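Every chain is named by a letter (A, B, C and D) in the order it is written, and numbering of its residues begins at 1.
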Amino acid sequence: MTALETAVDMRTALGAAPIPSPVLTASGCSAFGRELEPFVDLTAIGAVVTKSVQLRPRSGRPTPRMAETPSGMLNSIGLQGPGIDGLLADELPWLAERGIRSFVSIAGTRVEDFAELAERLRGVPGVLGLEVNISCPNVESRGEVFACDPGAASDVVSAVRAAADPAHPVYAKLSPDVTDIVSVARAVAAAGADGLSMINTLLGLVIDPDTMRPVLGGVTGGLSGPAIRPVALRCVWQVHAALPDVPILGMGGIRTGLDALQFVLAGASAVSVGTAVFNDPSAPARIHAELAAALAERGFASLADAVGHAHRPNA
Amino acid sequence: MTALETAVDMRTALGAAPIPSPVLTASGCSAFGRELEPFVDLTAIGAVVTKSVQLRPRSGRPTPRMAETPSGMLNSIGLQGPGIDGLLADELPWLAERGIRSFVSIAGTRVEDFAELAERLRGVPGVLGLEVNISCPNVESRGEVFACDPGAASDVVSAVRAAADPAHPVYAKLSPDVTDIVSVARAVAAAGADGLSMINTLLGLVIDPDTMRPVLGGVTGGLSGPAIRPVALRCVWQVHAALPDVPILGMGGIRTGLDALQFVLAGASAVSVGTAVFNDPSAPARIHAELAAALAERGFASLADAVGHAHRPNA
Amino acid sequence: MSGSLTTPAPRAAQPPVQRVVEVVGRRPVNAYVELSLAAPEIAERAVPGQFVAFAIGGPASALLLRRSIAISGTRDGVVTVVVAPHGPGSTWLAGLQVGERVDVVGPLGRPFPMPEPGVPALLVGGGYGAAALVGLAARLRDGGSAVAAVTGAASADRLCSVDELSALAEPVAVTTDDGSAGRPGRVTVAVEELIADAGVVYACGPMAMLRAVADAATAVGVPSYVAVEESMACGIGVCMTCVLPVVGEDGRTRFARSCTEGPVFGGDRVRFADVGTLPADVVGADAMGVVQS
Amino acid sequence: MSGSLTTPAPRAAQPPVQRVVEVVGRRPVNAYVELSLAAPEIAERAVPGQFVAFAIGGPASALLLRRSIAISGTRDGVVTVVVAPHGPGSTWLAGLQVGERVDVVGPLGRPFPMPEPGVPALLVGGGYGAAALVGLAARLRDGGSAVAAVTGAASADRLCSVDELSALAEPVAVTTDDGSAGRPGRVTVAVEELIADAGVVYACGPMAMLRAVADAATAVGVPSYVAVEESMACGIGVCMTCVLPVVGEDGRTRFARSCTEGPVFGGDRVRFADVGTLPADVVGADAMGVVQS
């Protein structure tokens, strides 16, 4: 990390929570951080965004859980994880002991699940805030994904905001698989989201030419990686244009500092690095350094000055 | 082309119009066919899908009109073209003289535009049918894209179906940028579409790290190429599952015969090859040959037997 | 599971590193290519059973996921691997030339646990999987174990490391499915004869072979350790794509990551028959709602 | 436009071919790399002004679009090109080694129109653009034209083909922006001196240079032909990404494809000032609705 070596002030915030670097991991792409320790100084990045946790431990889906696709991958992990008890007992203390900030992703299939998770995370050491993964099927609405319906999405967000530690910023994580992402963004912002994480994966499918069946046990899966970057940037651009005051944690295919710069210029005040970690486990640190250098080269004194710059005609 | 050399019967149809090969070009990716003549025997492929035509000649958008993206590209051509008069005077006769089937893509910003275009194309020699590009802004609905609204989409399709030559199958071309593509498919099928073309490009954005502004003059553009293939396949899969009797012309990132096979197995009875032509101008012929070989290897006697195969549990 | 023959393989002592390294040797070996990499920090850390993960195709590559390859040897700062050109990733790897550079992460995964000194061992390698056993054979011999080996493949050209194993093990039985070299048939024909003398069995190769070897060992009460090959997106434990159902020390089955909790598992702990399914008794299966096939 | 000095360049006589060809030569030339390709069918068809389009990076490449490169020479079945490593595509191309194979389409685009025999010509090349003029110089000389040339670049290391042009043209003026070779300054300082003797001007290089040269020629009533370099997705005329506003024989401006209607255009026909905009008088601009910037 060259954070302290460049002239650019890289500090930013998630809602009201300050962080020293705008680069975070992405939920589900760095587990609970431990495995990245040999490759990245996790205390120097913005935060570890933890794998989405639910109330109970989950086995996740049967394999195959992934398929490689051109400049991307499809996954269907099924939110394998230890459940909130395991998270609180094992993972968050490990992070907190080392001074690593965690941004905890929560998921559920009922509004109350989300609220209970937020409640359980109140005052937990090291926890910076919550990312609400609403790209989950809503069991009370024939499995329709919360994020695809502004009403369902805002129900979750307002319940979480009410239950969560007031010191915890609540970010709603949006799905790109909607006709009008701005209307979803507007709804969750009105419901109290302190920020927006965007984007989650795109729904995709791959068929195995040998078995002639869908590769994934779950048939469809989530598409991520550089392939989706233009879609992610478009979502960030549209939402920042409509809601310039709502902070955005941008993600989707970020692999280099110049990719991260695009998100910042489009309106993101921080970014998450997901699939790129599979290709390059040191990516979060490298991207921080590359972004800092890119901002310096372009004459920015601070990251904050660059946020949304591409929207400003004569800047 | 090895169509006649393999044992597999590659014949298929667009609606009621028979074609000898399931491989077509994609609208906007082979102009009006002429430039591919040195590379492909255009009489042997299913059809040339012509660049979307509107009533009047159009200049298209200013440059830059494209940006390369990981395993894809973003374009914003703005439907440059000669208008229906130019098409009828110059392009369609050229194709017809050579015995090349044309599937004519029409576009407009008002329902009446589409109907007028369909009307003008009645009985034109060599024209096999119409592809209705509804991924255009609807000037009567604050620029919302027809394809994003089941009502607007079906208004266009029923007007076209009513005005078109009864011998011309009418395919509606769907956009993936919707929350529920099945509902759009259902609406246009009910409005009289003889088939569905899917998918059109995904809305995307790229920012130039040097100018720090969107690369494209039109800010956003359409994402195409192998990057989007899993999304396209998912759309074909979902729609074929819901509407197994509606023929699908599948497209989105097809680059090889095995890619085409995935679309066929997912439910497409024909495929269009778009962006891959920019990489390999002989792609349509090559993909036909590769698909035929892949079907033969897998023991299919005919293309028709493979259509939707991946949905059939014990087939 | 009381009565387990094995304890889970412990973690490696040292963490992995990520390096861009130079190819210093390339040698076709039958159907495979052996690559040698100047990677001193990986060489000095690696223990038999571990693997490395390569980035594929340079900065303009459309292949994002690393390819995991077992380490077949480490000497004088050089790591060797044996690559079978198969799909686009391994074909690219196998095409690397001397002097080219490649980004590699390793050593990854848990090593083969060593037996008590002197315990006789049987090593079973299938196809290129035999390469991963060469270092283990040497280490076992150094520990005073008698080492026997079986190496098998579909055909003669897919055999691997027969010479290297012959220098370290005795006997070395060779089998091929088509009879083009050694005894015709699967490795199990030889395993069944040699297992009586073994105090521990190690195997590396395709899943079906691992299962057969593990079953044979367990049937006669001999502990076995198998190095599995599951599809891996990251190789370092962060993605959860590489799981399979493994019985833990508490007797409960969990979806264990083959990259960081494996690739070496007790042969009696892997529920081979359930790989690719979601058994109802896997920890957390109850929270998955409708069980998917 | 009555009073045009040029007529649009006609189409090439022969259609392009697509071939996978072998690199038979590679030579660094200052900041560039000259590649020679064994491509007899392209070599025999190519005429000066045309280009080829390369597929980039093999089957696992994330770069889908071809890169267009001007043909700098054709001899004995070999096509040569001069590549400036810049972004990922040209860097990959410039890294190709002798013996490697690459998929190439060509020859593409319209050649430089030849003047009446004996008409004296001035050739102006900027950076690697000079390479594209070597074949033209030879052909003009064969046609009895006196040939003068100006070749310029930002700095000495970005000059190109000076020796080759010196063997064919007289005088050959060299300019560099930084004065590191030849006369300091832009090519225009030399062009202004030499244009008086020219009956036709040809130019290849960056847009700003083409504009300056075309303006200088037009100002003194000399016809000029410029080979433009627009961003191209396909190179063969099917995508419409490579357009610029060009005045046709009927005096009306159209968005013309630089790959198939160019890359060679009459210098007085390209509306350089309007490149990247949508002028209201372009054919079909009225149908675009709100004019975009």
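The rule is short, and it goes like this: contacts are C-beta pairs under 8 Å (C-beta built on N, C-alpha and C of every residue); 3 or more make two chains touch, one makes a residue touch a chain.
Computed from a predicted structure; not experimentally measured.
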item: Chains touching both chain C and chain D, listed by label; value: A, B
item: Reference interface A-C: repeating pair among A-D, B-D or B-C with over half of contacts shared; value: B-D
item: Most distant chain from chain A by Cα centroid; value: D
item: Centre-to-centre distance between chain D and chain B (centres being mean Cα positions), rounded to whole Å; value: 34
item: Distance between the centres, which are taken as Cα means, of chain C and chain B, whole angstrom; value: 47
item: Junction residues of chain D, two or more chains touched; value: 62-63
item: Junction residues of chain B - those touching two or more other chains; value: 70-72, 225-226
item: Contact graph of the chains (line, ring, star, complete, other); value: complete
item: For the chain B and chain D complex, residues of the former touching the latter; value: 28-31, 34-39, 51, 54, 56-66, 68, 70-73, 75, 77-78, 80-81, 83, 109, 139, 217-218, 225-226, 275-282
item: Chain A - residues contacting chain B, complex; value: 67, 69-72, 74, 148, 177-180, 202-207, 209, 212-214, 219-220, 223, 225-231, 233-234, 237, 253, 258, 261-262, 265-266, 294, 298, 309-310
item: Residue numbers on chain C that touch chain B, as the complex places them; value: 62
item: Touching residues (chain side chain D, partner chain C) in the complex; value: 56-63, 88-89, 92
item: Interface residues, chain A side, partner chain D - complex; value: 70-71, 226
